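The letters A, B and C name the chains in turn, as written, and every chain counts its residues from 1.
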Amino acid sequence: MERVKERAKVLEIKDLRVSFHTRRGVFKALRGVDLELYKGEVLGLAGESGSGKSTLGLAIMGLLPRNARVESGEVLLDGSKDVLKRLRDYGSRDVKFDPRKNEKLIKRLNKELREVRGRALAMVFQEPLTSLNPVLQVGYQIAEAVYYHDPMRLVRRAISRNRCTQADLRDLMTTLKTKGEEALIEEVEKRNLRGLEEQILSIWRRQDIHEAKKEKLILSLDKHKLDSKDRLGISIYLRGLQRVPVLGRLAKDALIKEGYRLAVEILTYLGIPHPEKVVRMYPHELSGGMRQRVVIGIAIVNNPEIVIMDEPTSALDVTIQAQILELVSSLKASSNRSFIFISHDLSVLAEVSDRIAIMYAGKIAEVGPVKVIFEEPQHPYTKMLMDAIPTMDKTELKAIPGSVPDMRSPPKGCSFSNRCPFVMPKCKEMEPPMVEVSEGHKVACFLVGERK
Amino acid sequence: MEERTEEGKYSNLILSLKVFFSNRTAVAGMVIFLAYVVDALIMQFDPRLLGVTNPNQFTYNFVNPVPQPPSSQYPLGTTYPGINLLQAILEAIRVDLGYSMLIVVGGAVIGAVVGILAAYVGGYLDELLMRFTDIFFSVPYLVLAIAVGFALGRSFTSMVIALIIVWWPIYARYTRSLTLSIKESVFVEAAKAAGASMVRIMFKHILPNTLPPVVVQISLDLGSVVGVFATLAFIGFIPNANTPELGYLASLGLNYVQSAPWTVIFPGLAITLFALSVNLMGDGLRDVIDPRRRS
Amino acid sequence: MISIKLWVYVLRRILILIPTLIGLTLLVFVLVHIQGNNLILAEYINPRLTGQARELEIQRLTQEFHLDQPVYVQYFYWLGQVLTGNLGYTNTPIYSGPVTTAITLFLPNTVVLSLFAALLIWLIGIPLGVFSAVNRDSPADQGIRVFSFTLYSMPIYLIAIALILLLGVYLNVLPFSGEVSPQMVAGLSWFRDGISYPTHVLLIDAILHGDYAVAWNAFLHLIMPSLTLALAVMAGIIRILRASMLEVLEQDYIRLARAKGVPERVVNNLHARRNAMLPVVTSFGYTVAGLLGGVVVVESVFDFPGIGYWTTQALLNNDIGGIMASTLLFGIVLVLTTLILDLVYAVVDPRIRY
């Protein structure tokens, strides 16, 4: 538990309130959410549909729709960058909310956050079937994410591969085998071949092929030289002419072509068979599970610090679901990224999360380490959720009586009071504060406060 | 349970009205459209209210046939030969509105029957009927109208028939696609399971559900039909028609257009305003029946 | 793999055309016959013949077209004549003679006019629609919406007259009658009796003969008709494109494009526009039908010698040959254009089921 505290916060959400203005009324989706995300952890975010968990994900990305009003709160990236400042400045003002005005601000926000999105922050959406652009090739959709953030990475990859000789590759191979990955990176630097190391390592780290095969593949990297059109495109890019109409097109084509190679590596890593063919396919030619892998590929290709996964498995078959969960676990193990994993399914969250936050009616009801939440849940809602998880030895499932309150006029006091078996008079009067029960375990319920 | 659905229907209606009336341009469109309808009705039943004695004919003035600019006596000026434009436009609206309504409704009725039949019966009949509509889509509608109208003899009646022939296939395709989706819905399945006859299902269950979108389409088409109708008259489809019609009225002033632009502009604007109003109204109605646009 | 599928699709699309084209000829035949035999005679009798020669010709035609036999027999004889290129005679003030010659004179002009209009639509209409949707509710968007809505509601002749008054009369910058100023072509060896040689398109012929002043003049005469046509058709395209663009901009894949940090310019012009164009391309059939229908009005308002001008002249002069031939011709052009656009659609949208 101590360890958690020491870790750096990569994301901090403070008192976030967001409401949706529709013709049917104002829906209060988030009503004061406080949450932190630490480096290298997976935070599971659970809740029923309509609890505001997806809105929270979108808010962090700054991808709210035009009718979303940010009434107050902050989303701080790396402790300083205030993502929603622009929208909050407008939304917190005491004026009649105009979605058109909000849309203008969202447009500016889109421009401001462009550098951050996809590079520091990435998101995987719920619907793999509609998340990919139907008229663009899969490879392009991955390549583009790199092209617009780190084009030099593509240039380096292409040039280093073009420049390296068979002797270089043999030496590097020996270094890798005898001294390991770090030494390889140093050696590549020394030979002025930066960009080659990731290509070598992506082959080296593959699990699906034998070592001899890997060696063969690495040693044949120098066979994939650039053709004259690509060389022209890259030299146009290096001369800074990518804004010139026709020349720019050539530069982009050359870099995107390199991006396709990178996309193949990513798809291989994500366990997609025949990635060389898949990158040339269109989304409708892929199955749901494959598409979700592609979306995940797009999210991780730039090595972002934070990946938000909004119900990434809910639309998929159970078997595919298991594969994707395994993939997420391995991603977590192999990098120092932080994940927010949003799901309505606690059993899914139990598999991947380090900590779990339970959301109810736009607020965090309880948050804590996964073990604590499952073994000693404190909030009545959490307890009831646990009882509702189907397991082998349970004879009956307990559904939670009642339904989520109407978010247009959430009840005064605790929003769970109308369904809570332990409801007390004061629950209807005031909102329970967040109380820290143990290290890192916080609950918003008067029952807990009483006991303390 | 019963009460709830009744209430649901009621609140749905209220929401529909709310959606429509919150759209100011749609309401404006409806007001203008109603003004045209009122004018047409007055001309039909009591033209003297607007100081017109015979709305079936232009009142010529050969003493002073050259177009006069707008003045206090002639608020919109006159056109050749000495016709009071304002009065002529007010008279002409009746003809354009009446014939266009006839064309659109006629086309919609024929089209709806064919479309529902094609979609519901399906199979070869569907294929046959759709290939049949293809033929009508294979000629630009204005050209087809000219050819059909010409073959039937150049008159208003043949123009109306020609335009119905041009327009029904559009409705046939539209109701066909609507029927195809309604056919799959639960209540049709339920009616089938309950043993309702085919004719009963088609007319009792499917037709009423295709009606709202078709009505919207009618409203939107009315604007185009008025335009095409007037255009045909403008290019001289009807020889020496002494009938107040907006396109024909505009063509009377064509030789003077450089010195007296109002002779063409005002009748044209009368059509444009009408088309604009039904388009605005139709867009508003479409928002009402389209659940996606409601929120 | 895909290309084989594509070829199968092309072949199938062409096969579907055959019944449509047969239907088209049937339609024209029915129209010709709706009032009995006299129309078909009127269509095929050389208008120059009189008296005895005319009587003899009628007898010959009755025999050749089997006019004494049942109607369905007549259809096949008539179709036979049509397929061998015999479309009868036309007799209008602008041209009197065999229909086939009239077509070679007028069709090229109409094609050039339509292509110009299509180019203008592409250059103005598409960007306006995208811009309007991307800047939803901005003053510019509202301006574009009012503009396109008004245009959409205007009968095409009013657009033509408005342009004539504005650009031709008040500003006096563009000519608005005919295909060229008469004094420019007086006494030219390659321009006789209002007909230019060899292509019959004045603009192209002038360039071929190196007479650039005439070419420029012809070009100026082309602007207003094509602009009218473009404006009339553009209105619908802007509306459809704006609506579909707005819908596409709400899609998940647009959100994902933003989530991965693609610049807004690329989101709009690549990710969104390519998808938003699909309904526009699907509605191209209607667009082309509108364009070709508009040709009739525009050419007759601007006295531009194309198929449309010929059609109205035929109408005004009760010339059945001209009307029926142009109906057939417009039909064939529309059907073929739709076919081509369908094939383009199949290439643009990878989802299409070949």
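Here is the rule we use: a contact is a pair of C-beta atoms (placed from the backbone, for glycine too) under 8 Å apart; a residue touches a chain by one contact, two chains touch by 3 or more.
Bear in mind the structure is a predicted one, so any value in this text is a computation, not a measurement.
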Q: Please identify which chain has its centre, taken as the mean of its CA atoms, farthest from the centre of chain C.
A: A
Q | Most extensive contact between chains (C-beta pair count) | A | B-C
**Q.** Centre distance in Å when chain A and chain C are each reduced to the mean of their C-alpha atoms
**A.** 52
Q) What is the distance, in whole Å, between the centres of chain B and chain C, each centre taken as the mean of its C-alpha atoms? A) 24
(Q) Considering only the defined contacts, which chain A positions touch chain C in the complex? (A) 61, 63, 100, 103, 107, 110-111, 113-119, 122-123, 125, 127, 130-136, 144-145, 148-149, 282, 284, 295, 298-299
Q | Contact footprint of chain C on chain B as seen in their complex | A | 131-132, 134-144, 146-148, 150-154, 223, 226-228, 230-231, 234-237, 247, 250, 257-258, 261, 264-265, 268-269, 271-273, 275-276, 279-280
(Q) Show me the residue ranges of chain C that touch chain B in the complex, using the header's touch definition. (A) 19-21, 23-24, 26-28, 31-32, 34-35, 39, 149-150, 152-158, 161-162, 164-165, 169, 285, 288-297, 300, 311-312, 315-316, 320, 323-324, 326-327, 330-331, 334-335
(Q) Considering only the defined contacts, which chain C positions touch chain A in the complex? (A) 136-137, 251-253, 255-264, 266, 270-271, 274-275, 278, 348-351
